[in-house]
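Naming follows writing order (A, B, C and D), and every chain is counted from residue 1.
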């Protein structure tokens, strides 16, 4: 019965170690289990897939580090899709401390595809104010972003010379942890007919579904699960896809722990 | 390139330092903890002054001045003075009691909002959500309505303080605590996913943003 | 002056906030907003008290060579460097949080990993707490752990794949019994808040003021 | 019929009126949606305003399809304005007839908040009435609150073990009422701590709360006759960063090994980080919070947890001062009223299921509880 006592009063560091391993091992070996692809993600993927090479895709980084585990994978997946299809990427954002995440993603993925700054992509950085910029860019991007985040005039990049307003943006992707998605739909979408895809945290996603139903947006990527589906469509499983088994297993593991604790508890109680 | 690798090494070291706390308190964690407290405390001071205080007082003042609105510009003195009153605590108890004025102002805001925000934001909408007929065309909806009805009533009973828990009150509040415990269990379970996602994020960072690139850099991979 | 005036300030502020809520006409219409802005300003000034308290605490430790004083040097250095980076970036880039500024670097490579790792510790603690506390001692405790387990399993892809209708069960628990109990707690809690606020406005509850 | 499909139809039934319950300077325009809304190419509506029905019309704003209401906040009080709404499909436009005039003016009472006013008066009355009554009638019964009784024991245990006490307000600000409740619980703890000569450590997230805590503890030590024991350095500020605060408090717990830990106030995700660490150092832990999302974690990791209203009741119960107890009685009266409303409405709604006349009463009751 010593074993029983040990199970009941197990050092919590053993549990910590096990949880760590349950998450770490599936990640390390990149175990990928196929996930059912949901309709909104499929639509998003197909919309990008249908863009002719050389199209301009604007990506708005509207999330911050606390929601990065959910939002970063979908951002990376979208970037990969764009670069794979030789689309040009323009990154900007409305949250000051979200922009570094945009830069980290660009640096990583551009290297994978051998893309060059100023030729294949630019980072315009952060400007305060949501609606003013969203509306204003319908007229002229330079009113707000005459320079990129490093202060280089955007006209010094050949492809940006032809980009003036939403007419020159074939697709807008908003990766959002808050209400910015709604604003993009309202100001860029409805007013200027901009085509939009939304990527959002699992919590926000349900609020955005009505826009997909009404045809105001082209697709939704919701939460880590949505990102995993997108990665699967890309045939390039990464953080989200290889995170899925870890997510499932750890949940089952915690339930298993609770059951074990209770079995031990009952046997001991019966003995008394 | 080297800059990024170096920055990533710093971030990874700090990550491991925090994780090491799970084993036990150690110098690495102590270092990371003290560093975190120091830089974040100063970070938020700069942030609050750059994005709250200066825009709310100085920028506003310039705006009002430009518009010739001297009344509004003058009103800005009130919060500035209240703010300075807080700082009288530096001058010791002889003068420091003045800081109770801005504290009292803060408490007043809280108390005022405590009345109306509670009633408008929570009490009325929560009552509204519970106003359900116990009959409905679909049996599923009907059962759910009845459960919600009893659940709300009995959990309110649990918080009934001024009567001894006897008879109906006793049974009711006991059912109430059962509902409350189910709710707590459910929200506990609901949160697990978000927390595990965070850990996946950190682990992924360690493996694929730190170890793998470093191994590649030194030519092992 | 020391006690009377603060009580009056609390009373007047509290009552004004309540009255203004019902009056759209100027100057009441935006009074709540205005007071909250004032509060932010006061909070901004008080931040200086805070950072001063932190520095004093650690300087004292260093001066008297109290246990762990070496780490206090880390905290104080951290504060000083961050302040320098912050004000330099503010001055040189017009906003402290400009991409590429030293302040932003500090945020991205130090605060972010520290913050997210501290946050991620919850994955471990949630498991150890569940293991230790979720024992079927009473009916309440049993129902708590069953609800927790069902919701957990119903939320992940593997739970979906089991075809035991786990997602539907999890949703039902969240939407029906969970909502009901939460409402009961909400109603109690916010009634408590209303009563507490009235006690404060009337000056019956005055712990926050010492004599 | 075929024509109808291809023709872009304008919005109809335009209504223009002063925006109700505002401080003036705003006119509301309402219309019935254009039948062409169902088309994919349909974008939305453009709003135009003029000072005479004949124009000239000035462009005001654009609203998305699906919306049938717009508040024009760019108008002056006491001047007539005329409006038209234009449907937009791709680059095609078609105008509605002109409507108006609308004249903006400010109001002195927000009629949309009458339900809040009524409840404020009723709840206020209950609380004040019972406070007054408690002054006369001293025999008020209030049931035991478990966490509250445990406070003294916890302080006692920390004393026996020769360890300090740690108190945390979480991330609450002084504008959160729960922080004020926590302060009065702190006062009780501080008084006991002074009596037993135990050290009391309070790390803070909000500097205003820190200042209030210093005042409270100083006062409590004076009440207990031990102002000499008060140390301002022990009530310190850590950082206004959520997890920085958690890291710092964890560090203090591990190094100071408190015998008793109190989590009282408003908490977010850091709750479990703190409570699990506190548990690991073997402290007796008493939590109290109104943060419903964090309650499950405190219940799992702490010895006693005061749930929501229990915490407010505890703070009123501490000195057993009749006035404070009276207000708890007032809360209960309000609870009774709420339960009666819920039960009666359920009965009316249920009968209304069979008798349609009653169901309109049911709907009236429900609509009274709509908030704007």
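By definition in this document, a residue touches a chain if its C-beta (ideal position, glycine included) is under 8 Å from a C-beta of that chain, and two chains touch if they have at least 3 such contacts.
Being a predicted model, the structure only gives us computed values, none of them experimental.
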| item | value |
| --- | --- |
| Chain-chain pair with the highest tally of contacting C-beta pairs | B-C |
| Distance-maximising chain from chain A - centres being C-alpha averages | D |
| Mean-CA-position distance for chain D and chain B (Å) | 13 |
| Cα-centroid distance, chain A relative to chain B, in whole angstrom | 24 |
| Distance from chain D to chain A - Cα centre to Cα centre, in angstrom | 31 |
| Numbers and ranges of chain D residues touching at least 2 other chains | 113, 116, 120, 123-124, 173-175, 177, 180, 208, 211-212, 215, 237-241, 243-244, 247, 255, 292, 295, 297, 299-300, 307-309, 313, 328, 331, 335, 338 |
| Touching two or more other chains - residues of chain C | 18, 21, 39, 42-43, 46-47, 49-51, 54, 68, 95, 97, 107-108, 111-112, 114-116, 118-119, 121-124, 126, 128, 130, 132, 134, 145, 148-149, 152, 155-156, 182, 185-189, 191, 193-194, 196-198, 200, 208-209 |
| Chain A, residues touching no fewer than two other chains | 12, 16, 19-20, 23, 68-69, 247, 250-251, 254 |
| Residue ranges of chain D touching chain B (in the complex, touch as defined) | 113, 115-116, 119-120, 123-124, 140-143, 145, 173-177, 179-180, 208, 211-212, 215, 237-241, 243-244, 247-248, 250-251, 254-255, 292-293, 295-297, 299-300, 307-310, 313, 328-329, 331-332, 335, 338-339, 341-343, 345-346, 349-350, 352-354, 362, 365-366, 369-371 |
| Chain C-facing residues of chain B, complex | 7-8, 10-12, 14-15, 18-19, 21-22, 30-50, 52-53, 56-57, 78-80, 82-84, 86-87, 89-90, 97, 100-116, 118-120, 122-123, 126-127, 129-130, 144, 147-156, 158-159, 176-193, 195-196, 198-199, 201-202, 205 |
| Chain A-touching residues of chain C, taken from the complex the two chains share | 95, 97, 99-100, 104, 107-108, 112, 115-116, 119, 123-124, 126-128, 130-132, 134-137, 145, 148-149, 152-153, 155-160 |
| Chain B partner contacts - residues on chain C that touch it in the complex | 2, 5-7, 9-18, 21, 32, 35-52, 54, 68, 71-72, 74-83, 86-87, 90, 95-97, 103, 105-124, 126, 130, 139-141, 143-152, 155-156, 170, 173-191, 193-194, 196-198, 200-201, 208-209 |
| Chain D-touching residues of chain A, taken from the complex the two chains share | 12, 185-186, 189-191, 193, 214-216 |
